[in-house]
Amino acid sequence: MLRDAWLVLRRDLRLEWRTRTTVNQVVPFVLAIVLLFAFALDADSATLVRASAGLFWIAVLFAASMIVQRVASVDQRDGVGDALRMSGIDPAGAYIGRTLALSAQLVVTEAVLGLAIVAFYGIDLRGLGLLAVTGGLATLGIAAVGSIYGPLVAGIEGRETVLPLLFLPVQAPVLLAAARASEVALGRGVGSGWPWAAMLGMLAVIYLGIGVATASTLAEET
Amino acid sequence: MPPAILLRDTVSLLGRYPVLAGLDLRVEDGEIVLLRGPNGAGKTSLLRTCAGLLRVASGTATVLGHDLCVDRRTVRPQIGLLGHATGLYDDLTVLDNLRFWARAVRADRPDAIVDSALDRVALAERLRSVAVARLSSGQRRRVSLAAMIVRRPRLWLLDEPHAGLDAEGRDLLDAMIAEAAASGATVLFASHELDRAVAVASRCVTIAGGVVVADDAA
Amino acid sequence: MADHPETTSSTATRVLGIASLASIVVLVIYAFAVTGPDVRLGETVRIMYVHVPTVSIAYLFMLANAVCSVMFLVKRSSFFDVAAGASGEIGVVLLGLTLVTGMLWGRPTWGAYWVWDARLTTTALLFLMYVGYLTMRTLPGNPNVRAVRAAVVGIVSAALIYPVHMSVEWWSSLHQGRTVFGRATKAAIAGDQETALYIGFLAFLLVASWLAVHRFRVGWLADRAAGVEIDAAVAARRAEHEPAVSSLGQVKP
């Protein structure tokens, strides 16, 4: 299983390397969100600083939704879906590989997005330890759900609109915990941030468990 | 030796439509069988059922000794299916693609196997590090064929394999089919190129309406 | 359950329908005439007789949806697919009722239609998740593929109910302590009010079951109308190459 995970992880990263979809399309998209949000809130710096943690994670969710759609459609084109079924790749391994590749792409997006928010909104970066743990675990949770729902809508007419409808409500707990923990890390939240980080870890484990458990059913659907 | 393919009263569905309507077929190990029939006869569906991609709704289906109703997963890596689609990632290079598929079937020394497969289908060296999307359709077909060789399947299922290939490519394909059979593999292929196909095949099965209507020596 | 219903009605469902109507009448009488205003909640307590039963029975139908989804993946029989769809639809309706009644109760109680109460928020998220599930069921494409994918969405959604509830509960506990609805209903309701609540449970269980049975039968008929019986389809398919029995009924010269 881990061997197949590694194989699929390398394939997804290679696809990104060859097409640079995340770097060329998703990253500019989240930068546009950062700017538009400043317009929407009238560049009021106090409000922007207060909203920054939540905004960051909302932008990450949108970015994840875009990347998931792209990866899922690549796996359906030109008979690749059949070829994958014929290959004997373990679906659970493929799921883990896709999740890790998606996480890696999200981490890159988050790094650029984070820098942009710090620079444009004038944020003092604090609590880096908590921020890093929160970022890692939340990213894993988001990617774990994305890798379940991407293949679910692949090949369906109207998937562009259905995916966010399925994907975003399920991400609510991750968004909630990630935004609270980030706020605490940046010195504005209530209470301690570590319990929220722990919850993110638990959510990631639950989502990964569901993904591994459903992978082979989804691979064999006809 | 058990037969490579044994279908008994097999029904398989595409959505709600029975593409195979109680089909009986027995293909012995090492045979080369040509599948013919009009459009919509169920040739592609038969090949996909044998590959374990279409669920058997009723009847039985055994391929390479595995009951497809019980487990379709284990037998698949031993089967090579060449369909109308390429089965390749457009955005990856030829080498990236083949190395991925070679590793997926746990090939030993995957890089060497990939190189020799590309030599066999005579794909020019300079095209190997080019994205598949930039190849012509005939060149892609050759890469798909190379992907078949990389898998070293015991059962070859080919759907209109001659389509899109130039004269040289067709000769190459016929030679590959003969080689595969000589090395003990079984080949089932659908074709409209009857003159050429009959020369390669040892037996010719005609299907229509999802059942076998004629079965002759070629 | 009839195998091939020609109508969605049967003696059993007529009895169920009459029982549903009767229980609603009793509920209305109890809710408005027999019970008085609550000491603490005042007249708004009457909303509880709808709100609490609908949310509980909604969860019951989500559970039924999950069970049917699992059974479908095991048995691959469209019976369970249709049953999962019916219970999902009724569940969404009940969740919608829960949200509306919760908001109507919140307005006089808290002075706002919406507060970020843990149960309300969880219900809103579940509502959206199951709307997504129902959308999944209506998408075009191969019905078998769609059924499998919908079943997976149903199972995933059910598995996520607890994590969603847990996180939201924790979040709202930072702001306002324990769940407001839980406290209000548990502490304040007794006697006739408790009876009215139980009648509410019964009434909504009966109504929801009655709707679900009919929805299932409609789904089953639609399923049959979409396809034909497999034997007939197989026979038609086999006949395709014989011109004498072609669909036009004409032999080509």
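By written order: A, B and C. Residues from 1 in each chain.
Quick note on the criterion: contacts are C-beta pairs under 8 Å (C-beta built on N, C-alpha and C of every residue); 3 or more make two chains touch, one makes a residue touch a chain.
Remember, it's a predicted structure, so these values are computed and weren't measured experimentally.
S.K.: Which chains contact both chain B and chain C?
M.R.: A
S.K.: Taking all protein C-alpha atoms shown, work out their mean, then name the chain whose own C-alpha mean is nearest to it.
M.R.: Most central by this criterion: A.
S.K.: Based on mean C-alpha positions, I'd like to know which chain lies farthest from chain B.
M.R.: Between chain B and the rest, the longest centre separation is with C.
S.K.: Provide the C-alpha centroid distance between chain B and chain C, rounded to the nearest whole angstrom.
M.R.: 46
S.K.: Quick one: report the Å distance separating chain A from chain C, using the average Cα coordinate of each chain.
M.R.: 31
S.K.: Based only on mean CA positions, could you tell me how far chain A sits from chain B in angstrom?
M.R.: Using C-alpha averages as centres, the distance is 38 Å.
S.K.: Using the touch rule from the top of the page, what residues of chain B touch 2 or more other chains?
M.R.: Each of 55 in chain B touches at least two other chains.
S.K.: Hunt down the residues of chain C that sit against at least two other chains at once, touch-wise.
M.R.: 142, 144
S.K.: If you look at chain A, which of its residues touch at least two other chains?
M.R.: Chain A, residues with two or more chain partners: 222.
S.K.: Within their complex, state which residues of chain B touch chain C.
M.R.: So the residues of chain B in touch with chain C come to 11, 13-19, 21-22, 38, 40-41, 55, 57-58, 208-211, 213.
S.K.: Considering only the defined contacts, which chain A positions touch chain B in the complex?
M.R.: 4, 7, 11, 14-15, 18-19, 74, 77-80, 82-89, 216, 220, 222
S.K.: Could you pull out which chain C residues touch chain B in their complex?
M.R.: Against chain B, chain C makes touches at 142-144, 226-228, 230, 233-235, 237-242.
S.K.: Mind pulling up the chain B residues that touch chain A in the complex?
M.R.: Per the stated touch rule, the residues are 51-55, 72-74, 76-77, 79-81, 83-93, 96, 100-101, 103-106, 131, 147.
S.K.: Along chain C, where are the residues that touch chain A in the complex?
M.R.: For this pair, the touching residues of chain C are 73, 125, 128-129, 131-133, 135-136, 139-142, 144-145, 148-149, 152-153, 155-157, 159-160, 163-164, 166-168, 170-171, 174.
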